[in-house]
Structure formats: C-alpha cells, structure tokens
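For clarity, chains are labelled A, B and C in written order, and residue numbers in each chain start from 1.
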Amino acid sequence: MKILLIVFGFFLCGAAVSQQKPNVIIILADDLGYADVGFTGCKDIPTPNIDRIANQGVVFTNGYVTYPVCGPSRAGLITGRYQNRFGFARNPIIAPNDPNMGLPLSERTLATELKTAGYTNAIIGKWHLGAHETLKPDRRGFDYFYGFLSGGHRYFPEEYIYNDLSEVTRDWDWYRTKLLRNNKPVEETEYLTDALSREAVGFIEQNQENPFFLYLSYNAPHAPLQATEKYLSRFDHIQDEKRRTYAAMVSAMDDGIGIVLESLKTNGILDNTIVAFLSDNGGPEYANGSDNGQLREGKGSMFEGGVRVPFAMMWPEMITPGQYDQPVSSMDLFAIACTYAGVIPQDTLDGVDLIPYINGQNSGTPHPSLMWVNVDKDSYGVRTGNLKLVNEESSVNALFNLQNDLSEQTPVDQPVTLQEMLQTYQDWRKSHLAPLFLGLEQRDEYHKKGQD
Amino acid sequence: MKILLIVFGFFLCGAAVSQQKPNVIIILADDLGYADVGFTGCKDIPTPNIDRIANQGVVFTNGYVTYPVCGPSRAGLITGRYQNRFGFARNPIIAPNDPNMGLPLSERTLATELKTAGYTNAIIGKWHLGAHETLKPDRRGFDYFYGFLSGGHRYFPEEYIYNDLSEVTRDWDWYRTKLLRNNKPVEETEYLTDALSREAVGFIEQNQENPFFLYLSYNAPHAPLQATEKYLSRFDHIQDEKRRTYAAMVSAMDDGIGIVLESLKTNGILDNTIVAFLSDNGGPEYANGSDNGQLREGKGSMFEGGVRVPFAMMWPEMITPGQYDQPVSSMDLFAIACTYAGVIPQDTLDGVDLIPYINGQNSGTPHPSLMWVNVDKDSYGVRTGNLKLVNEESSVNALFNLQNDLSEQTPVDQPVTLQEMLQTYQDWRKSHLAPLFLGLEQRDEYHKKGQD
Amino acid sequence: MKILLIVFGFFLCGAAVSQQKPNVIIILADDLGYADVGFTGCKDIPTPNIDRIANQGVVFTNGYVTYPVCGPSRAGLITGRYQNRFGFARNPIIAPNDPNMGLPLSERTLATELKTAGYTNAIIGKWHLGAHETLKPDRRGFDYFYGFLSGGHRYFPEEYIYNDLSEVTRDWDWYRTKLLRNNKPVEETEYLTDALSREAVGFIEQNQENPFFLYLSYNAPHAPLQATEKYLSRFDHIQDEKRRTYAAMVSAMDDGIGIVLESLKTNGILDNTIVAFLSDNGGPEYANGSDNGQLREGKGSMFEGGVRVPFAMMWPEMITPGQYDQPVSSMDLFAIACTYAGVIPQDTLDGVDLIPYINGQNSGTPHPSLMWVNVDKDSYGVRTGNLKLVNEESSVNALFNLQNDLSEQTPVDQPVTLQEMLQTYQDWRKSHLAPLFLGLEQRDEYHKKGQD
C-alpha cells in the first residue's frame, strides 16, 4: 500500500505521463570497444540504431561496468551489487554439475525483484551466470529464456552440434551447443545475432500489454569473428580483415537493435520503456579487432580501457536528451528499474537511481568512489572524482587525473604526509617483538626497584 | 606530603602571592548568546560586571563548551572530561526515581576532588545532573545547595507550586517546583536570578576564611522569558519584546555578578579567587531572543554558534589582564582548580591547566583538537588549529577555515590523496567474500598441480 | 643446481670477470662521527686508506644504520633485518650466564648464510651480540674469532687483566679482559687497533684461495680515548686533547685498513672482493671528540647525527667509482653478499641488493621508507624520500625536508587534512560509552513505539 502511494506521488509531480510501470530493456554487447559506436566517436562502423538510444536519451560519458571481464561484470549488472560482495570474483567455468559455479542463490537478480511487481522477464542471449540446474535463468526470476548458458558461442547454426553442455568433452566446445528455448535445445537456422534480435522482437510483441523486463544479452562482437555476407559486404572499405569482420558483427547487432526499437514504437510503448545499451567490458583490441579509442588498455585491465564502456539510456517520458558526465555504473540500472517499478530491493544495493541526477534535481555525485578489483592479479582501480588510482603490474598504485589525462599516461605527484609517515611507522612496529632483554640502564632501573 | 611540596614549589617561583589555596567560582549562564555580553561586542545590553571579569582577567576568544545543549555540557564542565567518556550523551530527563538518569556515580566532580584538599563547596542554581536521591549535589561533593534539580525553572516564585519533583505529573511542570535548600523545599520570595545572587553572596560571606568552590549556575537567560519591571525598565530602547525581556534577564544576572564580585572585594579575597564566567552552550536565537553574532547557528548545533561561548576568567594574583586566542574548553576549569588546590585528579582529564599557556610559559596549544558529537543526530565537529570539520545534515563533513571564515560559510577544498583512495579501496574490500569458485585459468592451474 | 645457473647467468652478462664468488669484507668503525673521514669532508684527520675505498668504489651519501647505538645496530647489520623484528631493541648487558642476552638463536647471521655457499668466515674485533656460550661467534657461523665479546674495550694490553668475563665483578671492567682467539684468552702485546689489523691481514693471507667473509669490527674510535705516541705524534696541529687522541685513534684504524687493502692487492684478490666501510652509529661528540658535521645530534638520537654514517663500498669488478644518493642501509650488505655468493637467505630480509641500483639498472629507490625506533624513549624516525619524521623529546613528530634542511632545524608545515580530522574524531569516539539513558526526545520516541 505504501509503495503504491510512493509511485503515485512520484508521477503526480511529473508532466503528463502514463501511470503504468515502465518496461525495462537492457541491451548488453559483449567485448565491444569503447570507441566502436557512433555516439562515442566511431568513424568506420555506422551504428544508427544504437545512436538513436543515445540521441533520444542520455549518454553516460563516464559509464562503467564493475569488472573488466564478462562473468563478474554481468553478476554486478544483474544484482545491482559489487559482485565481490558475494564472491563472484572471477569468470566461472562451464560446469553443469557444479551448483556453486555461478551466481550464488543468496543473491536476487533484477528479474527476481521485478517479478514481485508483476513484471514478465526474459533473457535472450548469453547467460554465463551458472549452468547447473539450480542456477539457470528460470530459477533466477526469468519467465523466458532463449540463448545459451556458456560464456560465449559460435555464430553459424551449422556449428551447433551438441544438445547439451553435458555432452561437451573438449574445452571451448561449449561454444558449439544448440541454443536453448526454456532449457530445451532447438534447431536454430539464423545467424546468431539475427536470431537473438528476432526473439527479442517476438517477446516484446507477446508481452507489450503488461510491464516487462527484457535482458537482451548479445554475444556480438565477442570472438570468434564470424559474420554473414549480408553484413560483411557493408565494410568493403575496411582493409583489415579482422576489423572488417568485427564491424560486420557490430552492424548486425545494430540492425537488431533497430528492429527492437521499431517494435516498441509500433506497439506504442516506446515512451514508457527504459532502454539501456552498454558493453559488458572494454574491447580486447588484439583478439577481436575492437577499438577503445583514447582509453588505455582494454578487456581485463583496470585502466579505463577495461572498465569504461559505451553506455546510453533512453526513456522518453522521463529523460530529456542530453549527456551526463559524473561516473555511473552498470549497477545503477538495477536501482533505476526497481525505483520506478515500485520495488524496494531486499538487499543493500551499490547501484543508485540516476534519474534525479540526470534531471538535475540532485547536483551531487551518485558514486563518490567507484572501485574494481581482480583478486587473482591483485590489480585494482579506484575512481574518486576525477582521480583514478590504478594498481596494475605496469603501474603500481599510480594516481591519474582523468580530467587532463584520460589516457592514464602520467601519474600525479603526491607529496607524502606526516600522517602517512606515522602510519608507515606504526605498520612497521607491528612486525616487531617486544624487547627480549634488559639493557644496562634498564638493569639499573630494575635493581633499584627491587631494593625499594 | 609530596603534593604540598609541589604547591609550595610553584608559589615560590611566582611573585609575592598568598600561600593560601585559591577560591574557585564558576559562574555559568544558561543559553546565553555568544554576542550578548559587553566583552564579546554586545551593543544593546550593558554588562559592566561580567565585563569586569574580562577586563581584569583573560578573555578566551576561542572558548568552547563540550556539547551544544545544557545537560552534557554541564557534565563535561563538572568532571573535566568529555562526557561521552561516561555515556552522558544527551540531556537526561527528569526522573527522580531513576538512579541512572544523571551523572554516573563512577565519575568524580570538581567538588569531590576539591573536598580532598579541604574546600567547602556550594552549588547555587541549576543542577541538571540527576534528580534521584543518589545523584543530588550532596552526594557529589557539594556541602551546600540552593536551587533546583531540573533542566530549567520559572522565575517568579508565585509559580513554584510543587514541593517536590515527584509531585509533578505533566511535562515542563518540573519548572514549577519550590527551590531547595539542601534538599528541603523553601518559600522563596525573590525573582529567581536575584535569589541566586543573594545566596551566592551569603555563601561567600560565611566561607571566606577558608578555600571554597562556588558553582553559581544561573537559570538566566534560559526560557521562559520572564523579568521584573526593575530590569525591564532599563531596556525601553529595545523594540522587540522578546529581546527586551531577554536583555532584562541578562541584566539581572549581571547585577548579581556585580554583588558577588563586590563581596569578594569587601572580604579581601578577590585577588586569590579564580572567577570564571561562561555560558553552557550557544544561544537558541529564535527561542529566547539571544544573539550569537557572526557565529553560524546556535544551541544544538556543531557550528560555532552552538559550542563557542563567551568565556572569561580572572585571578588577579596569577593572571595579567589580556586575551588568549588558542582554543580552550570549559573542561579546563577543572584542571586549573585542581592544579592550584594541589589535588591530583583520580581520573584522566581532558581539561588542561591553562595558566602556563596564558602566562606564555607554554607556547603550544593546550588542545591539538577539540571535538563534539551528538550521537542521536550523528552530528559532530572537530577543531584542529584553525580548521573545523562539521558534520550536520546541512553540511556533510565540511571543512571550514575559521581564520578567514568564522561564520563557516565556505567549505575548504580538500584534494583527495592517494592514501585516502587506498583506504577507500581497503574498506571496500572488507565487504567482500573470498572467491567462491575456480575460473578457467585457476582450474588449469589446479589440475596441473594435481598432476605433479 | 638452480642457484649455480643463476650465478653463471649473471656473470655471463658482465664484462670479463672472474667466475669466483666474491670475498666480502665489512669494516665497521665504532662511534665514528659522520664528518670524520676524508670522503665526508674531514679536514683535520687524513684517512687516505678509507678514502681509497670511497674513491675506487661507491660513496653512499645517504647511508644509514638501523639504530643509533652499537648493539642493535650490529644486530641489524649481521642479520640483514631490522633488529626489532626479533626483539633486539636495546643494548644487551654483558651477561655470560644468560643465554637470552644477545642475538636470538632464531636468527641467522651473514656468516651462517655464507657458510652454506662454502665461505670461510672470520670476525676480528668487537662482537657484542652475546657472551653466553651458545651465543659466541663460533656458534653463529664464524670459523675464526679474534677479539672480545663485550660492548667495548681498552686499547693498551697491559690493562687486560681478566682471563674471562666471568671473573669481572665491577661494571666496565668488561673492557679489561684478555683478547680471545677462538674463545681462548691470549697474551696480546700490541695496541688494540694495530693487533686487529694484523689479525685481519693474517686471516686474508691464510684464506685467499677460497671465498671468505671477514667482519673486521674495530673498537676505534670508541671511548676510552687511548692512543700510542706513533699516532698521537701525527696530530700536533690539533690543540684539543680529546680531539687529538680521537684523531690518533682514527688514524690507527686508517693505517690498519691500508695494510688490509694492500694484502688484498698483493694476493691478487682486490678486484673480486667487496670491501665495505661504515660506522655503527653517529659520533657521541662530547664523549669522544667526534664530529658529525652538519648533522643534528649524534649517537643515541633519531636525528641524522645518530643514524647517518660514513659509508662506502668498493668492488672493482662490479662497481664503477661514483656516488649513490638514495637512502641505503647497513642491512643491504647482507643482501648484496648473499646475492653474489649465490645464497637465497632463509629469512625475510629488510636489506636490498644495491648493485642494480648503483649500476643504474634499477632507477627506483631501494627503500621507500627507512625507520628507526627506541622503545625505551619512544623516540623514532622515518625517512620517506627526502622527508624525515623525527619524534624526540625535543621535537615531537616533527617533519623535516632533508633536501633543503639537512640539519633538521625547521619542521615542515603540514596542513591537516579532512581525513586526518575524521580519524581524530573516530579515535576519540572509541573512548566513549554508549548513551546511558534516554533523553526527552528519545523518551517520547520510546513511548510512541510502545503504543504502536
């Protein structure tokens, strides 16, 4: 009862808007480079449909994910929480018999939360949060699943030769399973990206009457580099074969996003749908031909190239087109969706409802600090304001000022303080034993006391 | 024996001074505004007697109490310790049957300590440190008590209708009890402020032969705003009725302080008496018409208006007139009194003997930091040198430089340091679980080890 | 096998050098002032032989020991570790019956380590790391010992009247024992310094065929001030008798170092011998007439005069003559010796192999911070870069910039930071009790809750 009042209260303050809870679509690209879409400055790959989200919504110029590789990044996105809170500290391996190899059951996904508000939830594409029976999408709040459980997939259906992950005996043959529709293998015939887009449109059309959450998790442009002639032919101007195939794969995804947006428009629900687009981490430039532009390094790194991603979000009823420059996180999508669905999340979120910030009601910064850690390499990053602390093998606890050094080239000089020196001393003292024996002065002192 | 030697040793170093221990008088106003006495710049209320203390003694231009409301502030003053050390973290309520509602019996008051040096101790006025039998002044080192136990009182005797707090059934009727002389209700006839001054003079005259400690704890100018025509008639030039009554109440107190000083002089003990004057917290400007001048906010606040008070101290034999600008605390009075009474306090004091600082023997700062906290609001303040950290709802962890921003208007910019970012990171890491599962690389590593 | 490969690998990279492990000679002066040798600017005492080490090797302009008095400093040197790690926190007393009064058996000396690489080890001179049977040099890795166990000694053999420390009944008569050759008292006839030099040359000549470690631990110029006419006559130009005798004692040591170097040269092993020269702490200027030059204070102090020492090291085959200006430590000698002897030390070292730093291969700083503590006085020092934090009674937590204030005269001003003030506040909060009682507002709140 209280929740309904809050929601009504909110909408009464706004302009003439529908009183329906908004639909939520999160479109996640895989291994897309920072500079590989139009709205982040890409010159050689047109992405008119992705750019439509950016132009009609808000561009997050400082948008981050929570980890520089897929699995943990997706765990952060789907829970609204730093994944290290629940030990999702590295990529899971594909282990259909291991109930601990994925998102722990202690966690609630955005689908779980939205379900309590009456949403219908679908994931279309890559899951990567657990292949065990108990960890599959249908156990994590999703009503509908079309896609695959592994961390990546091949693109041509003729290569899908296994019915089930349990049949796979060689590493990387996980990429050759048949796609699943609600846990049943299907005989797909289309190029993977086209198939996922088709399914997304199908889900929207069947569910447009009531609030839905669609997690459209493309495999593109993750390796292997595979594209159909339809898309390849658009990039004859690109000489480098790797980059040409990569461009084709991005272009296929952009086409798919185009038909998704078109479907929203046709069905009259575009204005009250939150559509977010982002990548799950920075591009692995050498591996797939992606381009992170000015940003240093890429996938796997704590430099900006690893964690800053192309990120835009539209919601015509609530968001005036523009850009927002404070650091934001993929985790924020969870908080936004819950707020406007009228759900109070059960767990402590690290994500923040960005709408008041975007609209200028709150002039503060949603995240005083954003942080990343890879416990296997002991690499980490901390962004506070424009300062970024990076610990990588090549750059031990270096501090960069992103305002004038976006490429993290020249560490900022930091004079040591009295306090830090005292701390150094106190830490050193902790390694000491108490004195083992009396000295001459202590001995005299000791004897004197004995005589009193 | 050792203590006596110390005391003698001290006085031998000074000029020709009496060898008698000094008398100690602490005059505490209640809710007096910072700018409401002559020596802090008041223009509309003459306070010639209070100013006499300032002119013949030392003015503490940076004098603080330990809390911005009455009860805890008085607990700090009377113990020489931050009252949070012993859990006196908020105003007590008036509960004559609750032995825990007041200054804990674990604590020693200044009266308890001075009694061990042969002092006769009196409190005249407001107690507010416990109404239970075991917490009353006679159990806390005071030989004489004339006044009331509650946190405030009405001023006209015809309104004193209860014999005892136990008769009170309505909130705020605590202000209507008869005054007590040594725990027995009396039939007072004078205006409250006049009555307290009269009793103070009476105590001095009866005890002037031997060292005494007088804690003259006026109710003025605390609400309710009540003054007699005698004092009101002095302020025809003040238009605002609230301010006029307030001025009259301050003026009555000043008259009283005048006869107290006169009595000391007449009895020839002025030169060897420490007389301190201060307020228990800043003025609640709207409630009683007080004025904190340039200082931000007032009673209850961690800004200067809440905790900085008019504060002066005279002791003709020891203190040359002047002013002292380093931060000092009401708690210091305890340390000063004990030092020159030759008492070594049993507990760790937070107060400091200021005399060597005032006299220039010690050029350091008596309090490297002074601090305040309200645990109910999680508001706090820290003053270190001229910097003041304030945490209030309106001002989250803001840092002000009092030297050029006495009114705490413009937070100082503080660049974040590498050390702070590392600390942020390490704090964040504490919220993490250890990795739940092996990733692909870890699995390979794990298998390899198994094969060796 | 692995170790051998490493060593070979190393030498193959260098120029034409011998493949023999280097000999190691550490020459330690006792209580020598910083400015009392030619290479640190001494004008009145020629030290041509000590200067030969400096001129043909590297001068450490910022060379430190680990403690400002003898015992702990030697414990740090001989273990390569901060002696406080194992509780060697003050000078031991001379206690032949106490197995705990000296270097704990948990520790390995440089001799213990080098023995595992086939070295022959000798200590000639002062031991001071334990007089109990189990703590003597032969139990700590030394094959040969000529010298004394106590913390100092007299210089004229006619004063050596005790066969054994166990015969000594008066303090300071420890200085009058006969010298020991492998734990047996001998009838020495030469001036102490001359005798030690003679023994050093003897050891070199007998062991020059195979790698050796010689720890030549002179008593000079420690008090008592005693010199023979041979050396005194060189300093007729010095008026002050104390300084003249001191100069003679230094000169005797320099002569001894001369015949040691000459012996190395004659035997053709100079090029592959590491020869380090340093003092065990700063000079106690008043006690022995030493001179620490510009450095503040001396022996016993955490100022530079106590811990910075004249320090030079030659190794013709590996080190090009020059100077090295980053802070280095006496502990580094342990790390250097082990590295080139092909020994991997069993314990964690605080010392660092300086050779790559000296040769410019590593441009970093070997010791981000160096630290000192005297737990008896709670004095300490921390050097980080050019900043030095000193806590002495005369200088509480003062910070000096050695770059422009080598004499540590003017503390650097350190603005307090928000973080530090928050820390001050949080530390203060730890001394508080939880609120003891409800206040008026809390009571109302409490009652309201009760009614719900």
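Heads up, the rule we're going with is that a residue touches a chain if its C-beta (ideal position, glycine included) is under 8 Å from a C-beta of that chain, and two chains touch if they have at least 3 such contacts.
Since this is a predicted model, take the numbers as computed values, not measurements.
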Superposition of chain A upon chain C: rotation angle, C-alpha, nearest 5 degrees: 120
Interface residue identity across copies chain A, chain B - same or different by half: different
Centre-of-Cα separation between chain B and chain A, whole angstrom: 55
Chain B: positions in contact with at least two other chains: 417, 419-420
Complex contacts: residues of chain B adjacent to chain C: 71, 82, 84-93, 98, 100-102, 104, 171, 369, 371, 373, 375-376, 380, 382, 384-385, 387, 389, 397, 399, 414, 417, 419-420, 423
Partner chain A, residues of chain B touching it in the complex: 416-422, 424-425, 428-429, 431-443
